[in-house]
Amino acid sequence: MSDGPAVPSDDVFPDSGSVAIERHWHEECGVFGIFPHPDASHLTYLGLHALQHRGQESAGIVTTDGERLRSRLAMGLVQDVFDGNTLDELKGHGAIGHVRYSTTGSSTPDNIQPFFGNYAGGHIALAHNGNLINADQLKHELEARGALFRGTSDTEVILYLAIQSKQSSATDRIIEALGQVKGAYSLVVMTDESLIAVRDPHGFRPLVLGKVKDAYVVASETCAFRLVDADYVREVEPGEVIEITRDGLKSYFPWGKSTPTARCIFEYVYFARPDSLIYQRNVYVVRREMGRILAREAPVAADVIVPVPDSGVPAAIGFSEVSGIPYQTGLIRSHYVGRTFIEPRDSIRNFGVRLKLSPVHEVLRGQRVVVVDDSIVRGTTSRKLVHLFRKAGAVEVHMRISSPPTIGSCYYGVDTPNREELIASKQSVDEIRDYLGADSLAYLSLDGMRDAAGNHDGYCDACFTGRYPVAVGEPSVAQLPLFTSHPELPVAPP
Amino acid sequence: MSDGPAVPSDDVFPDSGSVAIERHWHEECGVFGIFPHPDASHLTYLGLHALQHRGQESAGIVTTDGERLRSRLAMGLVQDVFDGNTLDELKGHGAIGHVRYSTTGSSTPDNIQPFFGNYAGGHIALAHNGNLINADQLKHELEARGALFRGTSDTEVILYLAIQSKQSSATDRIIEALGQVKGAYSLVVMTDESLIAVRDPHGFRPLVLGKVKDAYVVASETCAFRLVDADYVREVEPGEVIEITRDGLKSYFPWGKSTPTARCIFEYVYFARPDSLIYQRNVYVVRREMGRILAREAPVAADVIVPVPDSGVPAAIGFSEVSGIPYQTGLIRSHYVGRTFIEPRDSIRNFGVRLKLSPVHEVLRGQRVVVVDDSIVRGTTSRKLVHLFRKAGAVEVHMRISSPPTIGSCYYGVDTPNREELIASKQSVDEIRDYLGADSLAYLSLDGMRDAAGNHDGYCDACFTGRYPVAVGEPSVAQLPLFTSHPELPVAPP
Amino acid sequence: MSDGPAVPSDDVFPDSGSVAIERHWHEECGVFGIFPHPDASHLTYLGLHALQHRGQESAGIVTTDGERLRSRLAMGLVQDVFDGNTLDELKGHGAIGHVRYSTTGSSTPDNIQPFFGNYAGGHIALAHNGNLINADQLKHELEARGALFRGTSDTEVILYLAIQSKQSSATDRIIEALGQVKGAYSLVVMTDESLIAVRDPHGFRPLVLGKVKDAYVVASETCAFRLVDADYVREVEPGEVIEITRDGLKSYFPWGKSTPTARCIFEYVYFARPDSLIYQRNVYVVRREMGRILAREAPVAADVIVPVPDSGVPAAIGFSEVSGIPYQTGLIRSHYVGRTFIEPRDSIRNFGVRLKLSPVHEVLRGQRVVVVDDSIVRGTTSRKLVHLFRKAGAVEVHMRISSPPTIGSCYYGVDTPNREELIASKQSVDEIRDYLGADSLAYLSLDGMRDAAGNHDGYCDACFTGRYPVAVGEPSVAQLPLFTSHPELPVAPP
Amino acid sequence: MSDGPAVPSDDVFPDSGSVAIERHWHEECGVFGIFPHPDASHLTYLGLHALQHRGQESAGIVTTDGERLRSRLAMGLVQDVFDGNTLDELKGHGAIGHVRYSTTGSSTPDNIQPFFGNYAGGHIALAHNGNLINADQLKHELEARGALFRGTSDTEVILYLAIQSKQSSATDRIIEALGQVKGAYSLVVMTDESLIAVRDPHGFRPLVLGKVKDAYVVASETCAFRLVDADYVREVEPGEVIEITRDGLKSYFPWGKSTPTARCIFEYVYFARPDSLIYQRNVYVVRREMGRILAREAPVAADVIVPVPDSGVPAAIGFSEVSGIPYQTGLIRSHYVGRTFIEPRDSIRNFGVRLKLSPVHEVLRGQRVVVVDDSIVRGTTSRKLVHLFRKAGAVEVHMRISSPPTIGSCYYGVDTPNREELIASKQSVDEIRDYLGADSLAYLSLDGMRDAAGNHDGYCDACFTGRYPVAVGEPSVAQLPLFTSHPELPVAPP
């Protein structure tokens, strides 16, 4: 069991009239683009559907037929925002799309992506996964030069920088624009004649390139390629700008090839779909390996391994393989808890996790149970789970977390609580264990996580270490969680 | 009966799955603003409701509480776009609102007003009734300076000109912006600390000022004041800029007081509500006078006067008063034909006007009928009406139109067909009469219309005369109907 | 001015979150049927649309293709309940439809008509306009024989009586069923092979027969025939049963031809559309005649006649014709106040009638105004109107009501308030005039109303006289307003 | 590999504009009831939510406050049919609810349950899981006695039999009614003063009793108790009638205790939720045991065990435990494929299972894969899965089905295809294996399934054996799939 800096947490996220049980941080976006293909809008629909786990709040598609843009953007799931008629009306050989999860404060129609419009160079549309560190400063400068910001999204900043560039080609405008921003961005940009894909030099967020017949596709994860029958080509590399036209593909590294990169390691821990390749490795395999290493680092005498579904499954399988303790589905997840589920009356509330997760008593009764989860945020959901397991008859409950304690907020495109809400930022593992009411608690070590990811370098693990690859200045209160540098963990210069 | 150069027209406007019978041109907008009032959003809702006849396609309200803007904009009627919760959430002491009718091509969510955003000077929101002549040229200039246009509305041009102005106050920015535009605009602009109302120097579109307790209200028509219990103060004068702050009202004439003005005379003919004051005259009284003069100009031996409801009613009453022929409600209008009414199957279609207008046979049978309508656009609906009257037993059908033949499109904020679709631009009155199948047809003379309006000067009557107060250059095809100045056609009196 | 038994009334009907200003009683239904026609559902849609004024709460259509029924029933307006797909799915050569207004208490989906189902004799569907006097008693008897009532509508009673009849043909079953009921009913019944139309022996509610090509149509009013291009054939006579099959039409008078009939005279006063023939007379002409007689009975020195739109218009025109006082449109009615219009906040409420009716000051200022309305219910709306006229500058306000005082509730299919809520049941005309704040008030006399209707016999005028053609027993509280016989007006036996 | 009588099947179920991939038969219903509890409607909502897997087409709740019923029934998921307001309006201390999956033909609002109404004995509401064998005959008899059937559901038959009973108490009426029906029924019946729960003497469908404070709850599965914090008391026994009033619970066995029972064994195979107790055994444990026995019956040399999620998971775990071959999550299931998901264009279609199930190549590549599924219907989906596995790199694909071949339709409340559509009714296991393209295929033996279920007697396994516990006569075409008795398998009398 770990005795390092401690951590925990889960969460019940009640929002107006609905119960959403959130144990996790939220990816803020998924992006998709295709060019040129006669069914561009339909394929983008399928691609966004495969990326739905990266953002469920809003969805949008913009298409071009070379002469004008057509768009459909709305709050809701991909399958609710679009229907057959809508997709047919989104004519054109090029399309980009976006799914979005957003922080509560900016959950407005004005922020739905892609952003698009007409400027001196023609039409442009842009979809963005990431977060800029210097957006506020740039916004002020752009306003001083006459920009009007409709929403609060960083994406508008990039769009304005591009259209105000003096470069002649759209690709050069985008390159010039991105030369001024700091932070995380995986971008797809569409003009009437091209699709441009860009990944920031640190490569914070994933972005992959595929091909379906004569068309290129770009997506946040490879799982989007499966559905559109595209072949995986390769990652868009950190710092790479790819321009796709009818003449084919060109690649640029306008800022050189930076080392080391800072790929988000949390994609492996939780965000990405298990069937995706992320940074050229399969997510399921990495997660299973996390469980295997955790079993070696924090063994425990027990009768049964139970994952918290669905994200805890691969690590639980790995833990079972190494420990030899049987793997069982001891928690059943309901597939029917959606946005419209209403909160029970006060008098009958406090069912908490039971709405979504239900224990199988016969698997747990009288057993020493190892519960495997991928991470802990606030600790509240984990605590309820431990209680649920005990009530179902477990005689011992051992929590095993397949990532290290999360001690820092993310400023690179992930919706995280403020640092002080992260239980591991304030409590030791022992304290957290006591709070959860577990018999034991152990986290995967940093080295264990890095081993599972196959590399010790090239990842951003700031949320686990407090070492931020791109220095965060004095962010505006509205935009970013208040950051207090971690005394003993010096913040690295970018 | 007139034999002069003829004109007419009506229209059946089928759009996707619905039948809308349109005999008329469409006003493009109504605007409303109030500052400062604790119930700003609720009063704006009522004001927009009273202005609903000026635009049924979309509605929007933006409010300020001095610190941030809140907005709700959507396609639909005022009462469908807003509900009690929405209005409560639109907090603030200042509000502006807009209702819009738009041409088919630009009927997209991106064009819903008010436009708003954040710029170097703070927050700004803008609602516009009118049309700019030089929007395209300005748009190109602005794009060259880095502007991004999300929709196709002229309003964005004004907004960008304002925020890129070097003036320090919002009012001065607006004044500087408007110094560059040509055309028609009645504007309400809201900042965090003020409400600004502007009417272009020609005064094309109406705009009035009122007061409710300590707050000022601005609206397209006085009928909006009734509903919010505001007192009418006066017209916003052509060329006037009114700035309303917590300190009271200031008036500016930055471009001097121009003469002559060019107030749209078609407001009297059709657009405005009969209970409104327009240009300080009551609309109902002007319309009735049009009917009275028409009765003198084009008398006819007949048994009954029947208006085409509702817009033909006041002139029909006037015609009856002068002619002594009894006024009767010989056409009943259905109140239930809305946007969702579906088109009957082909096999049983062609009911045309019957869906909305139904004849009272007992009033028409065996009678010589004078049908009074306010105008004719394409002639198709009038033709069906004449047929309907004959089928109901009328032995003679005499059409009397309470305005002159419409021979030109409008470029100042009214949605009109291209010139060539206007029947009076191509046919003589005799030809139109024959097309309609009427026994006689007469239009009100230009002088008659001007007499009824109380003035021969100060009006824009370009749609009747082809004399455009602000020269129209080479408008873009998308934006404006192709205009060819009508050199050889001094418009003949009927 | 009348000094007889006094009367009043109008009403503001606030229901959950919406403002509906109701000056009137409510017709409870409109019915339509067609057989056999390949476009049966589409024509029924159009027919119901024309009958929409008879009921706006719910709409339903049931069709037959000879083998099975298809149905669509929902709360809402005809154009909102049906779309093109729905109508296409309602296959079949026969169709009946229904629009409904209901009392608040029974406003549930379970009462939407037509009622339909499968029984020993095959399929049956039934739509009903009217109200039974002995429904409660029959319901108990039917329940004792094993019936299950899903809703609270009388129509289910008729349906059960019919299917439990031992007769072999559907027509005979219906006849036998109706032999047991008392009250008002205009019915359309559909089986797989026939359409049956029935009107009760008193002929309380209207019902007319038409023909379109080889198909017969039946409807509450002739206005429904216009829209489907059907020719008016004749009234379905009181006490008549019409059976329409592919072999043609058969007529029965199973209960003999009763005299006198008791046709609802209020159809002329308010319910029916002005372009309809009701009881073979045109409604507009009758209403105008009511105004003409009223002008003779209750003359007044005044400057202008103003109708309360739209129902007061014909009588106002008649009043103007006889009195020679000019008719003017002094009140403008908004077409945009629908079910979803929200109630203004308390702080800015009490606008009352202004939401729907707006005065034209220039027509009223300094004038002695005669306001013509068709009836008064509670008096509250009339009172607000008088206030509105005075505020608009009228120096005198004279109310003229084109029907006698309403002193009794209706038990024959009209939604009326309890007797004690009718202002005329408790107050004299002078008292009502004082309550309204009018300078004078006069109602049309009973004889005047009967003269206008062309007959003194054959009408039910119970709401004006308290003489009920069919004795009302001890109605259940839920079903009927509490009836207290009018002391001096003995209730006639049926 | 098995060489016994062969069987298979899966299915792609395309319905209007949506893609639903259905590998399974459909349970037709879930029922829930509670009495007496102040939050009856809210708890019923939660209970139905937990039973959502038993029916996703429609949902309904009826409540009683002792004086009247209140109801809400609509097409859709539980969380879409009800919101907080609706539940608050469903006042009362008693409630029953129903979720329903229905066959295509009868998917109409008229069949949504509970059914309810008013009859001689007061109010009654009824919700039903099951199917009657003699419904058609009873329907004809009831029609002959004057019943009217609104929908096509068997439930109306029971309701009519009950209300036409001469018994005085509701419980006795229900008992008398059920004495006449044959087939499967688990019922909850609500009157103003009681809740009655009944299970047919064969006990085809499950029904359990629980307690929450002073109230009793009845539900199809115990998983509904978890969510409402109720304690499991026991099964409602086959042939038992339980009457719950404010005075407590009474139990009756009006038809004696029948042996043997015929509990549906397919609940263990697929229908029930893994965390439920069904027939007093935990579903997860039974399913895992099926996998364990299958591993012994049909071993195979392989590298990895992959379940078809989610229903194949427990058996796959059991198979892995016995075989020692590692269990891996080689197929990822999307949680976002709902009713509104649109079908891709023809040109890009045929993605089939990929929309819902996505392979993890890294788990499958180069491996000999054992795919564990619970059953095969038509075989089409299984065939696509085999192809998917091969395309992902599997070198061998061995299908293992944790139940015997399904050769017969169900007539006891499960929506099954006609016998001839079941691949195993026409093909041998070898033929099916060839059709699927698998390297091997094996089904669990009948004895193996019975061993896993813990008993060889007391189950209905007609779909596997063709031995129907209740003889099926000549069912109407509309109601039941055409049944041909299996030559070599004599149909047992009940």
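Residue numbering begins at 1 within each chain, and the chains themselves are lettered A, B, C and D in the order written.
Definition applied: a residue touches a chain if its C-beta (ideal position, glycine included) is under 8 Å from a C-beta of that chain, and two chains touch if they have at least 3 such contacts.
Given the structure is predicted, the values throughout are model-derived calculations rather than measurements.
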Set of chains whose contacts include both chain B and chain A: none
If you average the Cα atoms of chain B and of chain D to get two centres, how far apart are those centres in Å? 61
Roughly how far is chain A from chain D, centre to centre by C-alpha average, rounded to an integer in Å? 37
For chain C paired with chain D, centre-to-centre distance based on mean C-alpha positions, whole Å: 50
Indicate the residues of chain B shared as contacts by at least two other chains. none
Looking at which chains touch, is this a line, ring, star, complete or other? ring
Listed by label, touching pairs are A-B, A-D, B-C, C-D
Going by the contact rule at the top, pick out the chain B residues touching chain A in the complex. 71, 110, 116-120, 124, 140, 143-150, 159-160, 163-164
Per the touch rule above, chain D residues touching chain A in the complex are 17, 38-39, 42-43, 45-46, 49-50, 52-53, 77-80, 82-84, 87, 223, 226-229, 273-275, 282, 284-285, 288, 313-314, 317, 321, 326-329, 332, 334-338, 340-345, 347-348, 351, 354-355, 358-363
